[in-house]
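First the structure, which I've put down as structure tokens, then a few questions once you've had a look.
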Amino acid sequence: MPKLIKKRSEKAGLPPGSLVHIGEEKTQESKITIMDYDETHFQEKEIKTIEECFAFRDMPTVTWINVDGLHQVEILEKLGEYYGFHPLMLEDILNTDQRPKMEDYGKYIYIVLKMLSYMDNSNEIVTEQISLILGPNFVISFQEKKGTVFNPIRERIRNDKGRIRKMGSDYLAYSLLDLIVDNYFIIMEKLGEKIEILEEELVTQPTPETLQIIHHLKRETIFLRKAVWPLREVVSGLERGESSLMKESIRIYLRDVYDHTIQVIDTIETFRDIVSGMLDIYLSSVSNRLNSVMKVLTIIATIFMPLTFIAGIYGMNFKYMPELEWRWGYLMFWLIMIGIGAFMLIYFKKKRWL
Amino acid sequence: MPKLIKKRSEKAGLPPGSLVHIGEEKTQESKITIMDYDETHFQEKEIKTIEECFAFRDMPTVTWINVDGLHQVEILEKLGEYYGFHPLMLEDILNTDQRPKMEDYGKYIYIVLKMLSYMDNSNEIVTEQISLILGPNFVISFQEKKGTVFNPIRERIRNDKGRIRKMGSDYLAYSLLDLIVDNYFIIMEKLGEKIEILEEELVTQPTPETLQIIHHLKRETIFLRKAVWPLREVVSGLERGESSLMKESIRIYLRDVYDHTIQVIDTIETFRDIVSGMLDIYLSSVSNRLNSVMKVLTIIATIFMPLTFIAGIYGMNFKYMPELEWRWGYLMFWLIMIGIGAFMLIYFKKKRWL
Amino acid sequence: MPKLIKKRSEKAGLPPGSLVHIGEEKTQESKITIMDYDETHFQEKEIKTIEECFAFRDMPTVTWINVDGLHQVEILEKLGEYYGFHPLMLEDILNTDQRPKMEDYGKYIYIVLKMLSYMDNSNEIVTEQISLILGPNFVISFQEKKGTVFNPIRERIRNDKGRIRKMGSDYLAYSLLDLIVDNYFIIMEKLGEKIEILEEELVTQPTPETLQIIHHLKRETIFLRKAVWPLREVVSGLERGESSLMKESIRIYLRDVYDHTIQVIDTIETFRDIVSGMLDIYLSSVSNRLNSVMKVLTIIATIFMPLTFIAGIYGMNFKYMPELEWRWGYLMFWLIMIGIGAFMLIYFKKKRWL
Amino acid sequence: MPKLIKKRSEKAGLPPGSLVHIGEEKTQESKITIMDYDETHFQEKEIKTIEECFAFRDMPTVTWINVDGLHQVEILEKLGEYYGFHPLMLEDILNTDQRPKMEDYGKYIYIVLKMLSYMDNSNEIVTEQISLILGPNFVISFQEKKGTVFNPIRERIRNDKGRIRKMGSDYLAYSLLDLIVDNYFIIMEKLGEKIEILEEELVTQPTPETLQIIHHLKRETIFLRKAVWPLREVVSGLERGESSLMKESIRIYLRDVYDHTIQVIDTIETFRDIVSGMLDIYLSSVSNRLNSVMKVLTIIATIFMPLTFIAGIYGMNFKYMPELEWRWGYLMFWLIMIGIGAFMLIYFKKKRWL
Amino acid sequence: MPKLIKKRSEKAGLPPGSLVHIGEEKTQESKITIMDYDETHFQEKEIKTIEECFAFRDMPTVTWINVDGLHQVEILEKLGEYYGFHPLMLEDILNTDQRPKMEDYGKYIYIVLKMLSYMDNSNEIVTEQISLILGPNFVISFQEKKGTVFNPIRERIRNDKGRIRKMGSDYLAYSLLDLIVDNYFIIMEKLGEKIEILEEELVTQPTPETLQIIHHLKRETIFLRKAVWPLREVVSGLERGESSLMKESIRIYLRDVYDHTIQVIDTIETFRDIVSGMLDIYLSSVSNRLNSVMKVLTIIATIFMPLTFIAGIYGMNFKYMPELEWRWGYLMFWLIMIGIGAFMLIYFKKKRWL
């Protein structure tokens, strides 16, 4: 299960703007890639030092700088200084326990959101924080880990597919956003399948493990909710915002992303409803099974207790017990026993216990 | 039960406006029908190629193009090109996992909603996505499957019944909307009947199957909610919208549809309340039955355990047991047994266990 | 229990404004009564044909036309035509499955609400739809059934009690509204009594029937909620509305009705809270009783099982069993039995099971 | 427990403004006291007829008329006539089932709220309706019963403590409000103590009585909620209102009362949360106890059933049973018995049932 | 567990502005420290009498007066008089049962909030009320107890770290706020760990103690909610407020604190959801265990009851019982016994009870 909370306590008391990386410490180097393009021109390279990208700042082409890995704080420091970013924003990029949000700093817009991916081996949802900085002719994106998630967009830029090369940096930012939200649908599908399998199991053969899976699913929906709900504000903030960085023509695309976000939220709420209903069903069905176990016990006890009592009677050693002397006493005993047994069975049949 | 979610993952990463049909793949051809009318004139035909309808675009009469079946993507492409529709809208039409919404593109309004129908054989609610494009003198409607659902309106146009022939394309769009919402009432009736039958059963004879039906009903209400709630915004958006495509005179009709939508939502919420209350009732009544089973067991055990013990005593082989020698020992034994049994029964009677 | 939903499906597909009566079909004739009054003048009569009331339309006096019974559709048709009412409004009057609402048609205001009454014999709440049309000098009211519910107002008009004869048609409409809302308090009282009786029962002697009554009460509160919540909007709509039909002096009275409505809603919400809490109490108290049943069983079993075992031992036929030969063996047996029994009882006493 | 609802039905159908006292009928006379003061002057007296207070209306000093007991309707009638109060307001004063509210009648403000007090003998919360009329130079207060609740303010006026004598009637009204809200804190304390005692009990020794107390507490919180929530609107209405009767300098005091109200509401909500959580805890802990009872039963049965069976075997009368003849047969029987018993105990120990 | 409510009743009836300390009475003296600084200058001292700080009021440097301990009411009185603070504010500072709030008094802003800290020894969350008064060139802070919580900021001022010495009193107030909110994250971490440990326990080995811990956690989240929710309004009030005391440049920092607050609230809500889900899981898992206990009982009873009955039969003393005479009777008895036992075991295996 995902950790409930990230260690953030070490930051308490530091002055605002202190650049401390919160998250898993990694030892590899950060990977920085640059794509620079306009309608006619295209350039892509991986750079070693962040200074290599500074030259692109003042060129009219759209520049996309992608940084994989946040533990090298000095990259951010240099970027911040050269581009004039606010220290609080840099702090937020490093703090990977951020709530999705959008902040308009005037000359650039800062967007932070959660990328979700599904680990097939561990059957778990993994979250990664993505930060985007949108400037007039650049987009800088930060990922916690090296990943291939943005590759479809890289392909579209390389091969000049769709309209991406004809549009500005705002369209690039939108494309990244759209890709991330589209990824949520994949998570939803996986989760939906899990729920459907669980529903099947709940009905046919509920076990104590089913209970654990329900609990696990419940936590996953709570977790997803926390990641996705704020996204709504982020996207609607971008759509309605008055920033000149988001051109009018982009608004319709953002509305589309907004619709998708709402749909993801809708789906999560539906999942929540279903999963929390499952627990009630589970409890009821456990009670049902208890009921049927108790019926078996009661039937057995109700049949054999009187019989055993009667057998006990004729095991008594009273001197004068006339039945014991009778020729057909034993036979009669058996007839009575069978009679009582049959009567009981008919009685339970009538009561619908059998 | 309806699938929780549609496969949408294959679209992730494609550029916006990619026309991919999401839904069940069908092999039949799409069916396109055209109705063109004004107060005096009426024409109806089924066409093979979508180009046949282009001639109607520039005629002053109201044209209703209905497309059944979405898998032939080229129909949409051509329509989109000729009428100048936005690619994002075309993408939404094909994506049948859409949330009901209304979008005003200025020259046309796009409405997407869910048509619900009740399959009598499988006892299930089936959903179908309906897209409407309302233009100044045309309405284009898209259905996933061939269906007869719009026939009442076709009849009204053919026979010039009501005021439909005297009004514009906005009245036609309203009529389609109204028909779809009216259909919801039929679903509500079916569901209401199901719930009433279930309530009866819950009270008289709850079984483990009852539990499954409750779960099923709960999911259906969750499902309906997801389909109907957004409709409210759609209709109120149309009513309050500033689009010149919806004339002032239509507003009062839209308000009527809005009232109906609210009533459907109200009914769903009522159903939800009742169904979720049922689960509690079920659990309580299972507990009640367990209680009564346990009472039987306890009564039997409480009566026969002491009796068996006493019978056991007189089965002992102690050399010196004076009672065994008594002349009326056995008789006294029986009297004591009956005494104990009677006392127990009276005791349970008093405790109201019998 | 009240039906969850009324058959409305037969209307699906009809053009808007189709006058179809939805509700129980009645065979009696509708009853139409007219009261016409101003400060000095008063006239009351029952008419056979609706045309008889047309004369009053253009007189300056206040005219109150009350129609009991909606199945004679032609009455509405003629009224609608003569007074120029909108067909959608006429449709709403006939459709008795309406949600309470208020609609301002400019020249007249249409109000629809639910009249509740309590059937003492069946112990059930019965609902009836009341429609009011308020014009500059008339009020037309429609009831589903003949009833005496408006009699107090008729009395006040006849006897010139209060200020009703001095005021216009808006005050008459307010008076009718006020009467209907006052009636809700009676329902609340009945329901409150029912709940208090049930609470008593829940605590002293919960039976499976209690469960059914709780379920019944829950449904009744859900049902009332659906009828009363929309009323809030209706009354506040009238109070805040800009219609010149509601004079400024009437506003303060409407605010009073609004306060009453809020109080009814408050009471229903309180009832809901209490009733849904009852189910939890019920479940807990059933579990409590199960617990006490099980304790009896366990005490009996724990006392008699070891005793029966020991009695069984001395019933064995081993050749060499020294105890059997002892002079005081049987006595000792009894002492040991009583000892074990006493010890058990003390043990259970200590464990507070007794 | 407090009655859920007051008999209000007798008012249904009466014209608005009918002065009917709703509440317990009392036979004593109402008690009317007058305090008249300004910075330099102070006068206090108890009067027999309401007319004695009329003289103060036109004096510049602040006059506080307090009426204890509402059953003498004529007092209200005369007051209403002399001061020109609206009949609807007078009706509201007499109707003691009023929802807390504030109404600005222009020349005076009407405030109605609930005074709560805790009956130490019956352990119950008692509610009383307080009505305040604030005029430019007077405050008229109505209580249902004679009480000492306003005494602290009387003391402050008599002894010229605080700033009350320097301020106008609005400050007096504020002081009364503040006193009533302060009283709520006392109720909260009592309730808080009750809850803490109950929590203790729930954990150490839950009994069926605990269940009743939880239910009682739940109803009390529901009841309090109904009394206190509307107060928020009342106070914020006064604070933000544009009435010239509330001077600007008073606003800061009203904000203070508002803060207190919010805190009371906060506390009630916390109580609600805790109390409704208690029911779940209770149910779980009853289940836990059932579990432990059942374990005892199962352990006893599992140990003694096989033993009794074996004892039964050697009580059989088969002719040829070699064990019976053995010299050490009886000893071996005992060894086997003890072995089985010991094994069972170890088994249950391992399963953590002991 | 934290007390639900503080004794506040002694204040009821006192005139507004009465300075009464509500909280634990302490006997030590209050500790007052002063820090006075600007960019170039820095002075720090601990003073004995409050008058010593008056000199700083009219100096242009930023003065931070910190008072630890509220029981010396005269300190507040003198401060209030010299600085001209409103008596209601002074009252609020002393009343440590305050809801977090922000009040703009024009010349100064009053902020009250809760400082949370985690007592490692008692495993409990302790709350302390912090009051801040922000003036144009001063901040006065009040704590209930002597504490080191503000030390990081003192360090930053002493060592001129960050920008704090370059900024005004508003930045100091922000820094204190930020520190308090950062502290909440530490509490969240602790709580998160507790919950994760509990989840582990819930799944592997739920005991009655688990129930108590869940209840405890639930109360803690309710408690935290009450402390943190109002903070949101406080911070957003400061951010959006029009007070000139909060300079424009500070707004961006306040937005950062606001984001943190939202995140704390989000986390608390997540915890609430998880904890309340736990109770359902607990109940279900207790039921599961009951089920498995009952199965053991039923299996034992179902196997041994028939066997004991048969053994009882052959212990009977009927004269004519042919089986007893048979040579292999006893052997056959054993074969039948083993047969029945084996059949039962296979039956239970098939029913998946074993």
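Here the chain labels run A, B, C, D and E in written order, and each chain numbers its own residues starting at 1.
Throughout what follows, a residue touches a chain if its C-beta (ideal position, glycine included) is under 8 Å from a C-beta of that chain, and two chains touch if they have at least 3 such contacts.
Please read all numbers here as calculations on a predicted model, not as lab measurements.
Within the contact network of the assembly, the step distance from chain A to chain E comes to 1.
Between chain C and chain E, the least number of touch steps comes to 2. The mean-CA centres of chain A and chain D are about 42 angstrom from one another, to the nearest whole unit.
With centres set at the average Cα position, the gap from chain A to chain B is 26 Å.
Rounded to whole angstrom, the centroid-to-centroid distance between chain C and chain D, based on C-alpha atoms, equals 26 Å.
In chain B, the residues that touch at least two other chains are 280, 283, 287, 290, 294, 297, 301, 305, 308, 312, 315-317, 321.
Viewed as a network of touching protein chains, the structure reduces to one closed ring of chains, two contacts apiece.
On chain B, the positions that touch chain A within their shared complex are 1, 3-5, 7-9, 11-17, 86, 88, 92, 97-99, 101, 103, 208, 211-212, 214-215, 218-219, 222-223, 226, 276, 279-280, 282-283, 286-287, 289-290, 293-294, 296-297, 300-301, 304-305, 307-308, 311-312, 314-317, 321, 323-327, 329-330, 333. Those residues of chain C that touch chain D in the complex are listed here as 151-153, 156, 161-164, 175, 178-179, 182-183, 185-186, 188-189, 192, 195-196, 199, 202-203, 252-253, 255-256, 259, 262-263, 266-267, 270-271, 273-274, 277, 280-281, 283-285, 287-288, 290-291, 294-295, 297-298, 301-302, 305-306, 308-309, 312-313, 315-321, 353.
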